[in-house]
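Alright, structures below, take your time with them.
Consider the two complexes below, in which chain A is the common component and chain B and chain C are the respective partners.
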Partner chain A sequence: MARTLIRRIAFGVIAVLGVAVLAFLLEFVVPGDPARAIAPRAQSAAVLENIRIQLHLNRPLIIQFLDYFGELFRGNLGTSYVQRQSVTSLILPRLATTGYLALAGVIAEVIIGGTLGIASTLYARLRAAVAAVNLTLLALPQFVVGLVLLLIFGFRLHMAPVTGGAGLAEIVLPALTLGLVGAPWYAQIVADQLADSLASAYVRTAVAKGLPDRYILWRHVMRNVLSPAITMIGMDLGAYLSGVVTVEVVFGWPGIGLLAVDSLQNLDRPVVMGTVIVGAIAVVFFNLVADVLRMYIDPRTMQDPA
Partner chain B sequence: MASTTASPAPAASRPGGARTKRRDRAARAARWPGTLIAGTVMLAVFAGVAVAAPAFGNPLHQNLITGLSPSGLPLGLSWAHPLGTDALGRSELARLAYGIRTSMVVAIVSNVTSIAVGAAVGLAAGFFRGPVEAVLMRITDVGLALPYTLAALVIAGLMTAGLTRVIVIITALFWAYPARLVYGEVLRLRHRGFVEAGEAMGASGVSIASRHLAPHIFPLLVTYSPLNAASAVVFEATLSYLGAGINPPTASLGNMISDGQSALSYAPHLLLVPAVAILLITMSFLLIGEGLKARNPDLRRVSWLGR
Partner chain C sequence: MSAGPATTASAPGPATRAAALEVESLRVCYAGLPAVDDVSLRVEPGQVAALIGETGSGKSSLALGVARLLPSSAVATGRVRIAGAELAELPARQARQRRAGLVGYIAQDAMAALNPVLPVGQQIGELFRVHRGLSRGDASHQAVQELARVWIDRPEQVAHAYPHQLSGGMRQRVMIAMAMALSPPLLIADEPTTALDVSTQAEILGLVGELQAQTGSGILWITHDMGVVAELADWVAVMYAGRIVEQGPARDVFEHAMHPYTGGLLRTRQDLRTGRPGTPLYQIDGAPPALSAGRPGCAFAPRCLRRTEICAERRPELVAAGPALGATAAQGAGTPAAGTVAPTPSPEPPWLAACHHPEVSS
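Take a look at the complex of A and B:
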């Protein structure tokens, strides 16, 4: 277990560093002059040159690269070109805001998806209806679901705010969007795992012993759903924390995704880099946590597959 | 599922009898599940629309006099304009047809490119092992750890808007998952008898990979590709919606939705028309995926609880 864990952590660190290097290189090939983005109306070349010197943009690429990664290893993500404050201080509050949404979204998908999955496995009459719902939700892009919810509950029924923000009233629709779009995946896993478990030898034994259905379901069958569901929750938390860009754009939720989009438009390289790196860390970290939890719940998965 | 367990099939039945006919029908249903037929038909319709897009009118023609209401607002549904007009007085039907064309091209091309790259990487990593495997799989890890949308926006900044940009972005982000999938399958197959026999007989690495491994991986990719195509359609729409894919005036379902969003309060059909189109295209791919999955006998299971 310890060896597997160390291996996983090492791979995760390598993946995050790879993302950082890739992001750094891509950022530098992106056309556009950050100095001009900072001072769009500056006429004299001297002003622009001055800005470049201040930001060390005049140095060779390799020096900038070494500088950046030297600082990165000390936990410093640099200073925003536009806001003149440290990237970490810009990102952390945004990360928390995205975190609330991610958590609410995951709770919504587990509830909706779990209900659909259990209903379709245990009640044959509902199977076709659930399959149709699953298919529809699976086929819709996040931003379309978001816009349709906004249209119905915001513009038509006036039940939800349409102006954006990060309050309790504002979280309902974006979380519901994430929940609806994510639900079919959970429904699928739950249904799959339940069917697997119901067809297994240990359920046959339990039935043969004369245990009541309810007991078999809760003590033997449902437990097996937990382990793949946890893997999925981990993947989703990571993916959502790396920025639910479209949902944040649709609802004006001031999270890390909206920050990244704004910074990209302002050519604010350090902030874009920071959000990409923090996003990659979130993805890798939550996958790792999910793997460890799963090994704990279901020791059969202890062996490393790859 | 429970219904298939009971009533053991009679050992022999009269040739040409009702039973044989029923079994034939059952066999055909197993090969061609309803989901597969429905998906294929829907996809064929969309392919037809994509090919015949010019027949639905000019998507760029702005009809500022008859295409807008007297107060300058987009028109609703009518005989002259079956799906209404957008804020610039352009026929929504024509734009829809061209948007569908864009989606279909993206679905087909980027599906092939991303799966080809992924399969090549996965096959190479699983087959050659050693340093090749280590390097390729760590690169795949990077691909899987990339925050999708953000990475797409960064890449989008490098290129000019258009179909090529969308296809490059989708390929760059979508190859990693099939690579992982193929890699896992190759590892599983590597120590099977037929591969070891080939090696023992002195077959070259390339011959084993192409003649013994690839045929086993192909069905896996066929099952995966409808899902991949569906994701590609969704991702194209997302990119174009965010302004990082295909930009106006070229029609794409994504940028049509973006236009629709600004008219959300007074012309909701501009949002709903492209939204329904995306839903149906993606759904046709997913139905095909479901149908292919239903053909796999390994996935049939029978519950012991009798329900």
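Take a look at the complex of A and C:
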């Protein structure tokens, strides 16, 4: 168990580093001059050159690379080109804001998807209806669902704020958007697992033992259903924390996704790098948490591959 | 064996002790097609009845029908009495409450039949929590005792293990402990040793024999392994295409099989034991028929070496057979009242075969 964990963490560190290196190189492939982005109206070449010198942009790529990663290993993500403050101090509050949304979105996904999946498995009459709902939701992109919700509940019914922000009232629609768009995946996995489990030999054993139906469902079936769902929750939390860009843009949710988009447009390389690295760490971290949780729920996954 | 008190707590006591299992004209149909067709059989307390036949002959459907564990797509008719109780007639809730006390079910693949995410001790203990109202602590204590009863070393540790951490033999013993936990009068074992190696098989057989001596349960042992039958069974019923084609005391059937199908099964086994290397093993040519409704004649006829015209036209009844009757019953038609299982248990259970041309031994 401990060995598995250490190996997983080591792989995680390698993955994050790989992502960082790739992102760094990509930034130099993207056309554009950060100096022009910072001083768009500056006409004189001397001013632009001065900015480049200040930001060390005129040095060879390899030197810039070593500089950046040297600082990174000291925990320093650098300073924003545009906002003149440290990337860490820009990202951390945004990370928390996105964190609320990610959590609320995953909860919505699990509730909506789980309900759909359970309903379609246990009640044969609902199967076709649930399949239709699933297919519709799968076909809709996030921004369409988000805009439709905003239109109906925000502009028509005035039940939700439309001005953006990160309060309790503002979280409902973006979380619902994430929930609706992600629900079909959960519905499918829950329905499949539930059907497998209900048809399994161990459930027949439980029936043969004369255990009550409800007891069998919760004690024998649900734990087997939960295990793959947890892996998906971990993946979603990581992915959402690395930026739910569309939803944040549609609803004006001041999270890390919005920051990433802004800084990409401004060619604010240190901030872009920061959001990418933080996102990669989030993905690795939540996958790891999901795996550890799974080991407790399904002890078969605890075995070290010899 | 008659000295022990009956374990059937609530059987409304008839003068004689009720049979562990009495099946009358059981039919199990899937989508209108019979997998089990008009089967009657009886297992006495303390007896091991072996049900043999090829894959697809309806053995498992019969077992599940007896325990009322058939999938909802199956339709079962007929009567099943377990220690006098008609489990199939009870309302669902009562059936659930009484099932584990009446019949223990040992599945073929213990790995699949045990829940992979629960420690085995809990899986045994929950029987006592649900049916005997024991507390969590008492139930787990009881589970450890049940594990010890099936010859498991260090039962305290094993109780905390998950199924995948145990060996195949240990898992099957856990299954047996679960099936026997409430001391049911009937035990159904659905090929429990098929997936095990030979020495583990022998251990399991020994264990079941000892447990049965303690509890006096009747056992319905489903298998296609004639070796297991020889080792264990008092009584044998041979199934083919959903019907019993021959049944009788194990020793008699083994010595002179009346039905050509039984004879074929026995010969395959004999070849395995005594066949010289290099010589081909005996096999019954052809394959069992697919499920079908209302087929005339004998289902085995297409594969049978003794078939004549009548075999394709008329289905042979299950009638008394055996050397004593052989001389008079050879032509089959005679012998009235032998078509059904005798209603009163006789000391010498009848030997029956369903064949127009039973083998009459010298």
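We take it that the second predicted complex is superposed on the first by the 302 of 306 C-alpha atoms of A that agree within 3 Å, B and C clash if a C-alpha of one lies under 4 Å from a C-alpha of the other, contacts with A are read in each partner's own complex, and residues count from 1 in each chain.
In this section, contacts are C-beta pairs under 8 Å (C-beta built on N, C-alpha and C of every residue); 3 or more make two chains touch, one makes a residue touch a chain.
Since we're looking at a predicted model, the values are computed, not measured.
In the overlay built on the shared chain, the residue A:Ser263 is in contact with neither chain B nor chain C. By the touch criterion defined above, A:Pro212 lies against chain C but remains apart from chain B after alignment on the C-alpha atoms of chain A. After overlaying the two complexes on the shared chain, residue contacts for A:Arg204 are found with chain B and with chain C alike. Judged by the touch definition given at the top, the superposed model places A:Thr177 against neither chain B nor chain C.
Using the contact criterion defined above for the overlaid structures, shared-chain residue A:His220 touches chain C, although it does not reach chain B. Here chain B and chain C are compared by how many residues of chain A each touches, and B touches more. After overlaying the two complexes on the shared chain, residue contacts for A:Thr231 are found with neither chain B nor chain C.
Of the two partner chains, chain B is the only one that A:Thr136 touches; chain C does not reach it.
When the shared chain is aligned, chain B comes close enough to touch A:Phe155, but chain C does not. Where the contact sets of chain A with chain B and with chain C meet, they give residues 200, 204, 207.
Interface residues of chain A facing chain C in the complex, by the touch rule stated above, are 200-202, 204-212, 215, 219-220, 223-224, 227, 297-300, 303. Of all residues in chain C, those touching chain A in their complex are 67, 69, 96-101, 103-105, 107, 109, 112-118, 126-127, 130-131, 162, 164-165, 175, 178. Contacts from chain B toward chain A in the complex involve residues 1-2, 137-139, 141-142, 144-151, 153-155, 157-158, 183-184, 187, 230, 234, 237-238, 241-242, 257, 260-261, 264-265, 268, 271-272, 275, 278-280, 282-283, 286-287, 290, 301-305, 307. In the complex of the two chains, the chain A residues touching chain B come out as 11-12, 14-16, 18-19, 22-23, 26-27, 29-32, 122, 124, 135-136, 138-144, 147-148, 150-151, 155, 195-196, 198-200, 203-204, 207, 213, 216-217, 239, 242-243, 245-246, 249-250, 257, 260-261, 264, 272, 275-276, 279-280, 283-284, 305-306.
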